[in-house]
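In the two complexes below, chain A is the common chain; its partner is chain B in one and chain C in the other.
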Partner chain A sequence: MKKTILGLVLAAATATATAVAGMAHAAETHVTIGVSVPAADHGWTAGVVYHAERVAKLLMAEHPGLKIIVKTSPNATSQANVLEDLTTEGINALVILPTDPDPLVNAIKAVKAQHIFVTLVDRAPSDNDQSVRDLYVAGNNRALGSVAGEYVKTHTPDAKVVVIRGLPIPIDQVRQDGFNAAITGSNVKVLGREYGNWSRDDAFNVMQDFLSKFPKIDVVWCQDDDMAVGVQQAIKQAKRTDIKYIIGGAGSSEMIKKVMGGDKMIPVDVLYPPAMIGTAMILTVANFYDQVPVRGSYTMDATLVTKQNATGYYFPDSPY
Partner chain B sequence: MTDKNALLAGGGGAMAGRSWKEVDLRAVAPFVALALLLVFGAATSANFLSTENLLNVLARSAFTAIIAVGATFVISAGGLDLSVGSMVAFVASLMILFMNTAIIANPVLMLTAGIAFALVIGALCGLANGLIITGGRIEPFIATLGTMGIFRGLTTWLSQGGAINLKSSTIEDIYRPAYFGTVLGVPVPIMIIVITAIVGAFLLHRTAYGRHVAAIGSNPDVARYSGVSISRVRTLTYVIQGVCVAIAVLLYVPRLGSTSATTGLMWELQAITAVVVGGTALRGGVGRIWGTICGAFILEVVSNIMVLSNIASEYLIGAIQGAIIIIAMLVQRSLIRKS
Partner chain C sequence: MKKTILGLVLAAATATATAVAGMAHAAETHVTIGVSVPAADHGWTAGVVYHAERVAKLLMAEHPGLKIIVKTSPNATSQANVLEDLTTEGINALVILPTDPDPLVNAIKAVKAQHIFVTLVDRAPSDNDQSVRDLYVAGNNRALGSVAGEYVKTHTPDAKVVVIRGLPIPIDQVRQDGFNAAITGSNVKVLGREYGNWSRDDAFNVMQDFLSKFPKIDVVWCQDDDMAVGVQQAIKQAKRTDIKYIIGGAGSSEMIKKVMGGDKMIPVDVLYPPAMIGTAMILTVANFYDQVPVRGSYTMDATLVTKQNATGYYFPDSPY
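Our next item is the complex of A and B:
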């Protein structure tokens, strides 16, 4: 008997809730989107937070009924809590860049089970399919390597290159594979590869050692704009003039500015933009307001930033 | 029997000679390890012994070496400071932000003020560590683990996770020689290492304060009964550590003109390793400043050899570095045992 009453109450409550939701939907204005990103603990994630907040403002100005909540989390556990809180607050869509995708898979699936539209950004779990997310927006690590490799091959066909790697993790390996594939069969020669740990200081040290070791270097590929800062200082100190240019990567405001200004040592940059969080948010909003199909995978190009197109990627206020 | 006689005699000529020999070997051991490494480096790479390379390596060991001079005081007194790496990032960020305010129009005066500012902040950070440990009676490991998080967190907050860059290119140009300049052919950072070490060695080995540091490190109770103020001496070791961190910052800022999220990351382990490799006991009581400097050189030389030579693929470098440090310690031990 008690169970039946409870059941009736629940049914009534659900019906009311659905009706309210239906009315809201009918008006087609009120959409709440939760954006969950890692805390700004290094340059790139700082850029992610900056762009999430920037694009949230733009979108809310454009759509009066739209509410976007941006939350940052330092680790997977606290991000799982954020997901629960957002679900309780009642969101129509979740845009998430996971701190660590695999431990968060179940938490994301739980959100999706509530019929919430899920957009996953960049870091994908091992099984990245429709059961986890509706839309997947990501950068392209392999292309980050191959675009740099193609540039070196085209502009300096006989270049002797030193490579400064990041940390020994899969992303870094994929970038190396892309670069290697691009220069295979060409006259470009890799003199040495060392880890610079995506750190300005370590890259400075490694570059000093490369300069002592190799009397002639044409190109430095360090696949990261932070490391490019250290590399530049090491070259400046050694007063070496044999190095033609440095290729970094990601698209920090510091390096894009140099490309814009026509710095001979930084002629180009390869994008792995933190602004991709904004792309994901705009596509997610389009799903609710513009009646366009957005479900699927969206992989960005690793765009080559040159003096001609650099202004489009320059954010002077960004911390990264 | 002869030993006993010597003891009873209260330190005759023979006894003094023997203890001198012992001290010498212990102090010399790290330098023997460094010499062996230099031979190894010369054998594996043709460029290793070039003046340019050696000066580069010595210059960039300045950060670890100078911080480790402070750590020698802390560790000799039986303490530990895990916060130094984060403190470098924190002090450097504040120093750059202070100079970016440009409240003084003259760039030279602004830079001078920035340098004084960094030294004061460094000393205050060290004082905070010392007071938390002595006043709060908290284990140094935990207290400085806490401040390590605080300094790092505040730095990330100040930079919003990104980098903090020195804005004025005039100041950058004036300041640049502090890392890249030379005096009589010797890079400035190397001079600063030597000066810091001379002052540190004088303080630790030639003053009453230095003897108190070693005394509370080897036996705090005895030191207390002898009328040594343990809290004061111990707190001061952390202040010295803070000032050493600030001196390292003064060399760090002109190098890249910026700080980022990776500034000072894991430098606390580098500093502690340099101290221990240099012959200072981790349990306290004995401090060797010149050994510490040698330890810092050893660490930097090892990573330099790894990049210059073609011994191993980049994947194995960590393993080989670890092995070399252990071998260097074993060489030292065997020398000491032979004495």
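Our next item is the complex of A and C:
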């Protein structure tokens, strides 16, 4: 008898909770979302995997009936296979951050042809074909450069700057254009620019080269937090004290922690957040549970992270 | 005794539900969000109020500790007062769809100066000052025109079209530019363009005028569902049978229902959804509960609503 009362009460409580938590609609809606991201083979993508898994848990707890499957892939071929598998398993939506968008265009189009909602994150095909996606969520590469340039111009108006670029691809050029536009007409002078390939080790080598070439450097702009680590090591090893500060970019926990702590060498960071995968997932889920329009194009700000606002961007458990 | 068991069980069930539904973090986070929107004084804004209230309920049910206050204002002066009241009451975020953005710039900046997160919806200041907002969510006015133009060009390549414009303000011009670009180089011919002021009655009058001036009209593009109602009345009254179809815009329930039902006069609609207020609210809430980046600029697609996809855009209970 006791058991029956308990059972009844629990059933009633659960029914009420479910009805309230998701309104009748959501409680009955079963949705499966596939999230396909690159393997955690370097800093930023490790952050992407971390946030995809973190937000998947949050969303599944908020929505009974929601299933999110996160899959990682080391390259485009393996990611194309994942898309095929997910489609066969049966998904209502795909959230994809492509390892490399161009070779994956056909695989993504094949998913979309099955009337599966497609959210594309960060990397669009180079012909900018909008038909591959329902929703596009991306960072702002031009602003990543211009926000850094504005900071340098404002805080060190006569700075001599060395620039460590990424790889010679369009994303890097757009960032350089943003930086150049911001410092145009100012007294900020760029001493040299070299490619560091978004690699910690390469940035270390490039910085060593810069240090031996230029006796006086005020600022290093390396547009990436992983490269900023290599830059710091090179400066430390050379025991140089002329460099006032380094600006990286993205928002790694290591750099955000330094900003929070008031590290003079890392006074700010510029956001290009791997957590955007989570934003993309939240909107994709809203498409099914909240009946709001989400199809569109969403560009994240390259927010300047300072000591004042850093807490909101700090993930102590993230690998990046 | 029975009561005590009931009480205990309910408490346990509630505690579990809370922990699961919001993770420990969300359950303890108290957040108040003010939503300030125009009064429901015509179709589209009535839709905005409806969706703001609908999504507020959904979000409060999903997040224990979340309070959303929706306030409507008939004009900029009253809306500025609402912003002051909300700030005094104490809010963590403001979601605002301004009645008129320019006279409200200072009032919005005063809110932001209190470190309150500001989400701006649909209407930006004419100088496009990005510093008034953390997040901007808007429709795509150019695409509202170009999607309609593409449809006309594809489905009625030799159409003679009459165009009913809105008010002589930039939004209207951008829509016209989109339409013109889409039909450039085609055989589609625009017979005439007149302002209908986004009003049902004015559109009725303009359409009467067109009907008496032009003996043969194939298509009416009036870029707004309210005006489409006036256009239909004029056509019906004149007993004209030459008009093949009308393209409105926005996504009112009345027009979406016609699209769903296969009404030949309203084969499609182009989305400029009042429900975008709900999208803006979901992202604002995510900023506090899910630790994902949401600062940025989000442009909703002007999705072509057809018989196939109309269900997802239909709100039978909405006043618009």
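Rule of thumb we're sticking to: the second predicted complex is superposed on the first by the 287 of 320 C-alpha atoms of A that agree within 3 Å, B and C clash if a C-alpha of one lies under 4 Å from a C-alpha of the other, contacts with A are read in each partner's own complex, and residues count from 1 in each chain.
Following the convention adopted for this analysis, contacts are C-beta pairs under 8 Å (C-beta built on N, C-alpha and C of every residue); 3 or more make two chains touch, one makes a residue touch a chain.
All values reported here derive from a predicted model rather than from experimental measurement.
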Check whether A:87 is in contact with chain B, with chain C, with both or with neither, and answer first, second, both or neither. neither
Have a look at where A:199 lands relative to chain B and chain C in the superposition and call it first, second, both or neither. first
So, A:318: does it touch chain B (first), chain C (second), both, or neither? first
Should A:77 be classified as contacting the first partner (chain B), the second (chain C), both, or neither? neither
I'd like to know which partner A:51 touches here: chain B for first, chain C for second, both or neither. second
Just chain B (first), just chain C (second), both, or neither: which does A:297 touch? second
In the complex with chain A, residue positions of chain B that touch it: 45, 47, 50, 52-53, 56, 60, 156, 159-163, 165, 180, 255-256, 258, 260-263, 265, 303-304, 307-308, 314-315, 317
Which bits of chain A are touching chain B when the two form their complex? 39-43, 45-47, 49-50, 165, 168, 192-195, 197-202, 204-206, 208-210, 212-213, 226, 229-230, 233, 237-238, 252, 254, 318-320
What residues on chain C touch chain A, complex-wise? 2, 5-6, 9-10, 13-14, 17, 20-23, 26, 51, 55, 57-58, 61-62, 140, 271, 273, 275-276, 278-279, 282-283, 286, 289-301, 303, 312-313, 315
